[in-house]
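Sending over a structure as structure tokens; questions will come in a sec.
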Amino acid sequence: MEAVPTREPLLEVDKVTLRFGGVVALNEVDFTLYKGEILGLIGPNGAGKTTCFNAMTGIYQPTEGQIRFRGQKISGKKRHQITKMGMARTFQNIRLFPEMTALENVLVGTDAHNKTSVISALFRLPRYWKEERESREKAERLLEFVGIRGRLHEFARNLSYGEQRRLEIARALATDPALLCLDEPAAGFNPAEKEELLQLIRQIRDTGVTVLLIEHDMRLVMGVTDRIVVLEFGKKIAEGLPAEVRDNPKVIAAYLGVPDDAA
Amino acid sequence: MNFDDLFSNFGTYTTTGLTQGAIYALVALGYTLVYGVLRLINFAHSEVFIAGAFAAIWTWNGFGLDQNSQVSGIGSIMFYLLVAMIVAAIASAGTATVIERVAYRPLRRRNAPPLAFLITAIGASIAISEAFGIWTRRRPEGAPILVSQDPLFHIFGVPIDAVQLLTLGSALVMMIALDLFINRSRVGRGIRAVAQDANTAALMGVNKDRIILIVFIAGGSMAGVAGLLYDVRIQTLTYSVGFLLGLKAFTAAVLGGIGNLRGALVGGLLLGLIENYASGLFGSQWKDFAAFALLVVLLMFRPTGLLGESLGRARA
Amino acid sequence: MTNVLEKVRSGREAAGERWRGAPRWVRWALLIAVIAFFYALPNKEFYQYLGPIPTPGANFTQVMFTVSIYVLLAVGLNIVVGFAGLLDLGYFGFFAVGAYTVAVLTSPSSDLKTLWPWLLAVPVAIALTMVSGVMLGTPTLRLRGDYLALVTLGFAEMIRIGAVSSEFLKGQRGFNQIPHPPGEYADGKPFFGVLDARPYYWLVLTVIILVVIGVRNLTHSRVGRAWISIREDEDAAQLMGVPTFKFKLWAFAAGAAIAGLAGALFAGKQNFVNSQNFELLNSIIILAAVIFGGSGNIVGAIVGGGLVAYMIERFRGIELLGVELYEYRFLFFGLVLVVMMIFRPEGLIPNRRRAAEFKDRRKEVTVGE
Amino acid sequence: SSDDTASGGDACGNKIAFFGALTGPSAALGINENNGVKLAVDKYNKENTDCKVELVPLDSQGSPDQAPQLAQKAIDDTKILGIIGPAYSGESEAAGPLFNEAGLVTITPSATRPSLSEQKWKTFFRAVGNDFSQGPAAGNYIKNVLKADTVFVIDDQSAYGAGLADEVKKVLGPSVVGSDKVQGDGKQVEFSAVVTKVKAANAKAIFYGGYYQEAGLIRKQLTAAGITAPLVAGDGVNDGAYITSAGAAAAEGTILTCPCQPAAEARGTFVQEYKALNGTDPGTYSDTAYDAANILLAGIKAGKTSREGLLEFVKGYSGEGVAAKYKFVEGGELDPAEVKVWAFKVVGGKVVPDQEIPKS
Amino acid sequence: MLLEIDDVSLLYGRIQALHGISLTVDEGEIVALIGANGAGKSTTMRAISGIRPVASGSIRFNGEDITKLRADLRVRRGLCQAPEGRGIFPGMTVLDNLDMGAYTRRDRAGIAQDLDRVLNLFPRLAERRKQAGGTLSGGEQQMLAVGRALMSRPKLLLLDEPSMGLAPMLIQQIFDIIVEINQQGTTILLVEQNAQQALARAHRAYVLETGRIVKSGTGAELLHDPAVKEAYLGVA
């Protein structure tokens, strides 16, 4: 793993604390994500990883602290505005539009940057035609990219778990994100499929997208990330290159256990 | 605006409001229960109520009592009330069961979308209500005066009568019983589980159909009792009154937080009060307006009602 | 029973397949034929040959006018309920706003005494209903699902009570002498008179065609996708960059505008408008119509709105064993709703989306196996 | 329901129609009238077996919403030469323009809203007095006969009820100590707030402008709450159905007015014939409706078998019926000299005539 | 034979997800079911537990034909599934959720004992016993789902991807638990993507491809089968 290509920060999580009643889900969490890298976010169950995503994408407001994306504060922004700024995500518990086809799911993503207004749609002004055509091409390309092109017109509801996960990725990519946040994208994949996913994530990065990855499968995490941040009980306990983190005794004790699986 | 009227009669508006509210609350329970479990606005619940109310009147008619009869003697009054209450509860629970069997269960079997349920509910409601209308030739039926509305005693100068005591008392007792049943019993736990995730509940060994039936029976009996109390208080029943009353009761359920049993009580009483105060302040014609205005305003500030949802999940 | 149903279903699907498979010009020809049929329908010279279709107990042209208004309303409500998934139980309230706007601006019984011509009042009615849609939507569209349903229902009821009880809206006393749409025959007789309902029907029919084209354009675009994604999963839609609130408001406003237009057309024909024209039951009937026809599908909504309105009127003048069935119309209506939903829970003509699904499945099979 | 015992067209094929509520929440008054019309047609047909007139009942359910449709239906049937009705003010309002346009003559035996005659409809005729006579009469009765110096006035906000209540208020002036409005059309059944107000106002009499269904419920709930002040109401409540709604005990003593005379006082053999045909005693407006029908029938008999002809005939008509003398003045109103207002009283579970009231 | 599935096919609308599946599970076994995404593993589980009706074929449990039996009655006969996607009752507390697992049981003492056992196995759940199920983290929910399934003391336990979303340490633990309860007498049918771990512990296993069983054998056999290795274990 060579070092991070640029040191231009894309996302800064600045001493973020988030409480739910008595539960402190995030406790002064502090890390920075640089443009073009793949950052792994790992930690035991309930450590606060998903909560961190939720704070970034505007679902929760941090109790304390700040999150900055491309230099702008996230707090107070609407969710769809955050998406337009270039942050996209997938969900740990899949959240597709079940009664829309795979294609349409992705088209909703592409629409994030489309400008067709109610008026131009109503009268089918030229912009409508142009954007529809471009979106459709892009959507098909993305479905091809994640490997479910064949299920173009299938309702999302009818896809299997794994296919749904792929569709989530395609839909997120359709919003043209600068930062793609993947919450356990490999859950429910077998090792061979994980291997494919690993390739996919690399390709995504190669198209210039920065990736933040939550994942429990250490082989995948080790294989693809440039850097890793480790949370436990809402606190950051380690940060560094994959190899460093893997050998960090704190991480082993809290998370990895006997390191036979991680080999 | 007539503040004078409102303040000088504040006590009476309060007591009558609470009494009316108690009836709303009892009916609201049926909406809340069914909604909690099936996510369905059971529009036909108003007819479940009407069935009980008619059953009570017809029971009295069966004993030879019509609206001009006078009944005296606490013993016979209690007897008539009790018998009619039982008949009303059975009639309502029976109607509810039939509706569930005929209108909703087939849809569940077919995995129908939620809106389809809503429409059958509306259809069933219209059909049953019309059937009652045709049967009674769209005329009101009078109930005998069983309980006098002469004041029994005064609290702070506000007269309290036996009908008010009876209504509020029965409503409270029924409500507490239902609350205990849902929150403490095993079947109650099953009800809550089906409310949240029916498929998984089946995987835990819960018989969904049976739970749903129980829910309809419980809600139905409450509505039946409400029907009887309505008869005692208003003394006249027309087939068409269910619609608006049902709507109000559902409003009460939503005000309190739908799916929340205690919310139904709070919502019902609140609605009764507001209606009466508004009648005093603006005139009786604004009563329903006030009820709905309250709903709109309250939901703006508390989108899931006063006490929030509880039987089912709060929607994510 | 199931066998028969199965057959009916496959027959209908086959018809659907054939429709989609047919060449473009065939489809256009058929469509034009259907439209021509409906333009011809209210002429006695034509409908007298249609067997049991004309209503025996009421003027068929009048009935067709009512039906057309319901169709227009169903098309509008379908945007809100079928596409955006916002359960609106008080849709008729917007119809009332449209009708009252026209009444207040044009009728001599109005306090305003503006006495505008009808045509001038129509855009104002549409604009005002849109505004009222936005005004109702802004505070309430945060609410989800059934809460919204009840709030909209409450809103419609508030409008009705307001109309009954306010001096300005004249209650049951109502507004009379509302002018008709403009236009004259060569001989100077007004085109839109009191007695002949045909011109009104033709007008509404034309409006329906225009509105349907507009709605179709919307739903086949970014706007329509946004609506459907909101219906499917609002949170996820937001996170995919859909400004959900804005699009919900648009859905509400578009639906309201159509209802307002319908109300204006109604007032222009009716001459007299009072609070009894706006019973709550109407809202429910229209919702039932949309779902009965197939929510989320424009053709479904049209068929639903038409059938439901027609069905209710059709009972007039039929006698069975000495009783006029008209009195039982709502009993039957209720029963039909229940039975229909049990046998076709997805509506008469469900979602086009399902059709697309089947089509591409067919392709898959030929490729894969 | 519409059993047409009196109908039966033939070669002549002339028809007249009754327009009013025969079903629905306020049907009782419409049925009274329809029965009167039926009698008139029945008698006519017995006398003219060679050229009968058919009676077409048009059931409006009392709803203005239905009225235009129904009017259109009547207009389409070119054999219908005239209309008895519309019975209620609201539906008259909605149907009037159509009849006017079609030139189809209407004689209402009961719609009493004054403004109906101010619409410049050339086909509108009213065979009874309007609420400009009924309202003041009711007010005077309260003032002079009941001698109530505190009155509470309620109305149902209908085209008819609200107008009537306003006229009553004008006459009573400062003795009106409170007022309230309720919802009609069976939309309200719970009147506890009204009861509270009446009680607080300590009224000696209560006036209600509206129809019998709500009136009955209000009376019942007032009585249950221990209020004994008498209820006074107009023709919309003037039917036995009110007593059924209120219960005999509560209804006792209620005063009901009508800009008409008691049907039982009708001249000649009307009462017996009516009873023989319909099996019930005539009710409010049965006799007026009978008379109105006879006016149309007289026209037909006189060979006015076109709509224009019949309209002209009615306009110029002058003659005696069983209830009054008829002659129409401007706007189609009954000649004011012929208008009588009566008070009735509920006694022993029956509505009985009490006395004629001076109109001002 | 505790469970016998014979030639079962299953349709979702018009899509055929299972094409004549036959498999057996013997008393006391751990049987694993592996296959790619969309192969029909979860569908097979749904057919067995009864939340999806089968189109043809038969399912026998404990000698009884249960093909047409309602899902809840199958639970009463000792067949319990921890569903894919976890199926937590989101509005109920952790304890209520666990209690739901014991819904069909009446032996209070036994229930209390099992509750202790589950809370010992997953101390995190004990910590969060009053928290609403819906607000647990993904992994916590997974623990709850497995714990709840254990509460019903089934004869046959169906586990659909029990290790999904769990941290590496816990994955180890979950598999240990599976072996442990199996040794205590519960038969287990296991769907897993973590094929390595699953096959290592299963007595027997089946491989599913596009709705058909394409291979079966002992866990060890399949673990070393080159085709399986390539398709499901990844080239390590």
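Chains here go by letter, A, B, C, D and E, matching the order in which they are written, and residues are numbered from 1 within each.
Note that a contact is a pair of C-beta atoms (placed from the backbone, for glycine too) under 8 Å apart; a residue touches a chain by one contact, two chains touch by 3 or more.
Every value quoted in this text rests on a predicted model; they were computed, and no experiment measured them.
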item: Any chain that touches chain D and chain A; value: C
item: Length of the shortest touching-chain route, chain A through to chain B; value: 2
item: Components of the interchain contact network lacking chain E; value: one piece
item: Most distant chain from chain C, judged by the mean position of its C-alpha atoms; value: E
item: Farthest chain relative to chain B (centres taken as mean CA coordinates); value: A
item: Separation of chain B from chain E, taking each centre as the mean of its C-alpha atoms, in whole Å; value: 44
item: Distance from chain C to chain B - Cα centre to Cα centre, in angstrom; value: 33
item: Centre-to-centre distance between chain D and chain B (centres being mean Cα positions), rounded to whole Å; value: 38
item: Interchain centroid distance [CA atoms averaged], chain D/chain E, Å; value: 77
item: Overlap residues in chain E, where contacts from two or more other chains coincide; value: 15
item: Where chain D touches two or more other chains, by residue; value: 23, 157, 181, 183
item: For chain C, residues contacting two or more additional chains; value: 161, 164-165, 235, 327, 361
item: Interfacial residue positions of chain B with respect to chain C in the complex; value: 35, 39, 41, 102-103, 106-107, 110-113, 115-120, 122-131, 134, 243, 247, 250-251, 254, 258, 283, 285-286, 288-289, 291-293, 295-296, 299-300, 303-305, 315-316
item: Chain C residues within the chain A interface of the complex; value: 214, 217-218, 221-226, 228-229, 231-233, 235-244, 250, 254, 353, 356-357, 359-361, 364
item: Interface residues, chain D side, partner chain C - complex; value: 1-3, 23, 59, 63-65, 68-70, 72-73, 75-76, 90, 93-94, 96-98, 101-102, 119, 157-159, 162-163, 181, 183-185
item: Residue ranges of chain B in contact with chain E within the complex; value: 186, 189-190, 192-193, 195-197, 199-208, 309-314, 316
item: Sites on chain A touched by chain C in the complex; value: 57, 59, 78-80, 83-84, 88-89, 91, 95-101, 104, 107-109, 111-114, 116, 118, 121-124, 128, 131-132, 135, 150, 152-155, 171-172, 175
